[in-house]
Amino acid sequence: MSNNRVAICGVGQTERYKTKLTCSLAGLVREAALNALADAGCEWSDIDALIIGKAPDMFEGVVMPEAYLAEALGGVNKPVIRVHTAGSVGGSTAIVAANHIKSGFFNRVLTVAFEKQSESNAHWALSPSMPFRPHFNSGAGGMFAPVIREYMRRSDAPEDVGCQVAVKDRLHAIKNPHAHLHLPDIDIDTVKNSPMLWEPTRFLESCPSSDGACAMVLAAESHADTSIHKPAWVHAMAMRSEPSFYPWREEVNPEASRACAKDLYSQAGITQPRKQLDMAEVYVPFSWFEPIWLESLGFAEPGQGWRLTLEGATSRDQGGDIPWNCSGGVLSSNPIGASGMIRFAEAALQVRGMAEQRQVDGAKRALGHAYGGHSQFFAMWIVGDERP
Amino acid sequence: MREVAIVAYAQSPQVRQEKVLNEVEMLMPVIETALTEAAMTMDDIDFVCSGSCDYIAGGAFSFVGAVDALGATPSKMESHVEMDAAWALYESWLKIQAGEISSALIYGFGKSSVGDLPDVMSQQCDPYYLAPLWPDSISMAGLQASALLTTRRYTERDFAEVVVESRRKAKANPSAQLSGDTEVEELLRAPYISSPLRRHDCCPITDGVSVLIITDKTALPETIKRPVYIRGIDHRMEAHQLGIRVLSESGSTTQALAQAKSQAGIEHFDIAELYAAFSPQTLILKDALGLDDQVDINPSGGPLAGHIMMSAGLDRFGMSFRALQKSEVTTALAHATSGPCLQHNMIAILEAG
Amino acid sequence: MDIDLDPIEQFDAPIYHRYHATSSRAITPFLHAVKRGELLGHLSTATGKVLFPPLGACPESGEATHIPVILSDTGTVIGFTTVHLPIPGSKLVPPFTVANILLDGADQACSHLISECDIDSVAIGMRVVAVWRPAEVWNNSLENIEYFKPTGEPLVDIDALQQQCLAEAEQRKEAAKGGQDA
């Protein structure tokens, strides 16, 4: 490993995620980038490289859009790269950006992840019909529903667990001015009575479809002092991928997820994530993925993740010891390409003490997590308030 | 800077249309060939990175299926750029510089024959002002060619000479799609397809896959006789709007070259593999790079001889690697491009070790 | 000059691309077989497992597959969901149940519809059999099977099924190796 540390000294987001934002694609990304630069106390000219990430181009109908976005993001005369790893892309983009700094070749980089999926039809793009096969792909929700059902079968978890997560994350979101969904009156019954979409997943147990962008300024240690706020430091980062389908593939607790977490924790010296982390921003697009990831990421024993949820351990509002998704998570805002980076960025805001109303007091170490595809692509990082 | 070497390169036959095999089936044997050439297995590969484009294949998430060719059980560190695989190479090179990995396998692939590539590429343009006009890539290249003629630095005859050279050199390239003997006069008799471009001034449509393996010098397999070191590498983007740029020049290419030279400390190149998909672009790039007639440009025939969209940039690295296996060739310049009319350019300086 | 114009907040810019889909070396025999009413899988010699439908690669090993295995049209439901949201571009009218069905003899499940039963009765471990459309309309597609219906057999313990299938795959893998050594 190189000794080059990576600092996060600027975070910027769309002011309010929602659908059909009335701005152009360029305007969307520029807003987040300007917010990140302002936080970092930097100008466009202080940035050495631009790292862009987003999910499939069919969400907007622009082929390889980094070419079009060059001017909007101060990319002219700079190296520009665009990452695409399906749903985990926001996270993997942050990792590629961090590698720019860690390599020693760049002092400051701007990384932006975005999606303006109202421009096209996201459900259509997520339900591709494969040639020569009957068309049963019913979006991400349809794909994950059997996985959720299998988790429920194995863990024998009470039926309400998914609803609990749905309520908790939306109540967290009230304190996040950026969040798409602000549902102050949400409760278990409201969720239970919402329309069933892909059994057992109900409408209010599913993420919204949002437009939005998230940006960060990452810097080398020698250039990390321009912000009026203290930086966050990257303590660990890891990525793993496995094939979508293979005979008897473990889909509930994928090997790639466990391997990614193991690599991550060993870099950061973490053996007890629940104790050693102060909070986590984890990619939970459908409510039952909270207990699923609690187990896969080692916060709970196999089959026991749902207990943490029911106990309120992951709820900031209830004073839980390991709050998850204080931002409201993917369940409250989901611009698909940006969501992974929002997780990574929210974790950084927490350890910088900049999470405002959603701040976990004294947060020193936090996990940012993203996943994508058929639960096959994973990108994670751990950030801290001190140099590693 | 850690010393990073190319240790193997393999490519499927470049064909107008691959009728039998899908992308995964095309990839598997080429990955095997590259690994065998490097005397490595997938277990020796720390990181895999690919370049491809959903809109070439006609389906969202189309890169995901290619993961089946990797045997990624247990899981692998793997990533993807929706760009030419030359940028997947750059991402991998950065990861080695960061000390995260010691080896990487990079692949690029595409079956351009299944769609209408020039029309697909029109949708890369500004979605509000340009894309609704459907400016296909050939027409845009025609605009650039026209701009070049206006400078009076070159003529249509010069375009034809680039093509003659490409066809002639490609005869020595076993994986070339288009090669042979032709004459300038014969070429100039052909009709325009998008003036001043004629059909032969444009790269062909090609289906194919390419695989390239790089390692840190400390992880160089012992069997590699002549590794090719990446001594310098950089890339730069220009403004998107065609009207803002001087299309007859390539400032970002000059800029990337300067950066790469400062890393490499190398000023002379025996060969240059340039990603010039249209013959006038060869001349624009030659000028931007300050290459004189001593430099053998596109000894493989270049993209005019075969153009795997999403891999043609990686192929310039690969073709340079092949050329550098000859003892009399010691330094090479590899160029990759992305975006309409040479908007984004990468330069690498390679040296045989 | 003062121009009083309403801001344009949206405009339609339709995009149409036509793609000519191609089959593959592995999928082509599968498509011919299904037109004859046969379900063709591939045996991976690297793992001993039977893949269905055969896509050309054994994802675990990254090796090409080619050994054909004819599968029966009965199987076990190992996962399912009932879909209430219409699929863009599909004629299926919700609610409909899509299941991951492990055909007898296969190690990888395929997706298809479940019908001719109460939605609430669909369960993991349920035994099902294919209901084919009339042979006259058969084409190169798994749509020749209209849906799967329950056979009425007792529920299967899918954890035990998995162990059994993995053991059988291991035997096939050893046999394939033995065949190579011979």
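Letters A, B and C mark the chains as written, and numbering starts fresh at 1 in each.
Everything that follows uses one rule, which is that a contact is a pair of C-beta atoms (placed from the backbone, for glycine too) under 8 Å apart; a residue touches a chain by one contact, two chains touch by 3 or more.
Please read these numbers as outputs of a predicted model, since none were measured by experiment.
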{"item": "Most contacted chain pair (by C-beta pair count)", "value": "A-B"}
{"item": "Innermost chain by mean C-alpha position", "value": "A"}
{"item": "Chain A and chain B, separation of their C-alpha mean positions in angstrom", "value": "33"}
{"item": "Inter-chain centre distance, chain B versus chain C - centres from mean C-alpha coordinates, in Å", "value": "37"}
{"item": "Touching two or more other chains - residues of chain C", "value": "13, 15, 21, 23, 27, 58-60"}
{"item": "Residues of chain B engaged with two or more neighbouring chains", "value": "55, 65, 67-68, 70, 72-73, 120, 123, 127-128, 131"}
{"item": "Multi-partner residues of chain A (at least 2 other chains)", "value": "61, 243-244, 246"}
{"item": "Footprint of chain C on chain A - complex, ascending", "value": "20, 22, 61, 121, 123-124, 127, 129, 131-139, 141-142, 145-147, 149-150, 153, 195-201, 243-248"}
{"item": "Touching residues on chain C, where the partner in the complex is chain A", "value": "9-10, 13, 15, 21, 23, 27, 31, 47, 49-51, 53, 58-60, 79-85, 87-90, 92, 98, 100, 106-108, 111-113, 124, 140-143, 162, 165-166, 169"}
{"item": "Chain B partner contacts - residues on chain A that touch it in the complex", "value": "1-2, 4, 24-25, 50, 56-71, 75-86, 92, 96, 99-100, 102-105, 119, 125-126, 128, 130, 238-244, 246, 254-256, 259-260, 373-374, 376-377"}
{"item": "Chain C residues within the chain B interface of the complex", "value": "13, 15, 17-28, 55-64"}
{"item": "Complex contacts: residues of chain B adjacent to chain C", "value": "18-22, 24-25, 28-29, 31, 42, 55, 57-58, 65, 67-73, 111, 113-116, 119-120, 123, 127-128, 131-132"}
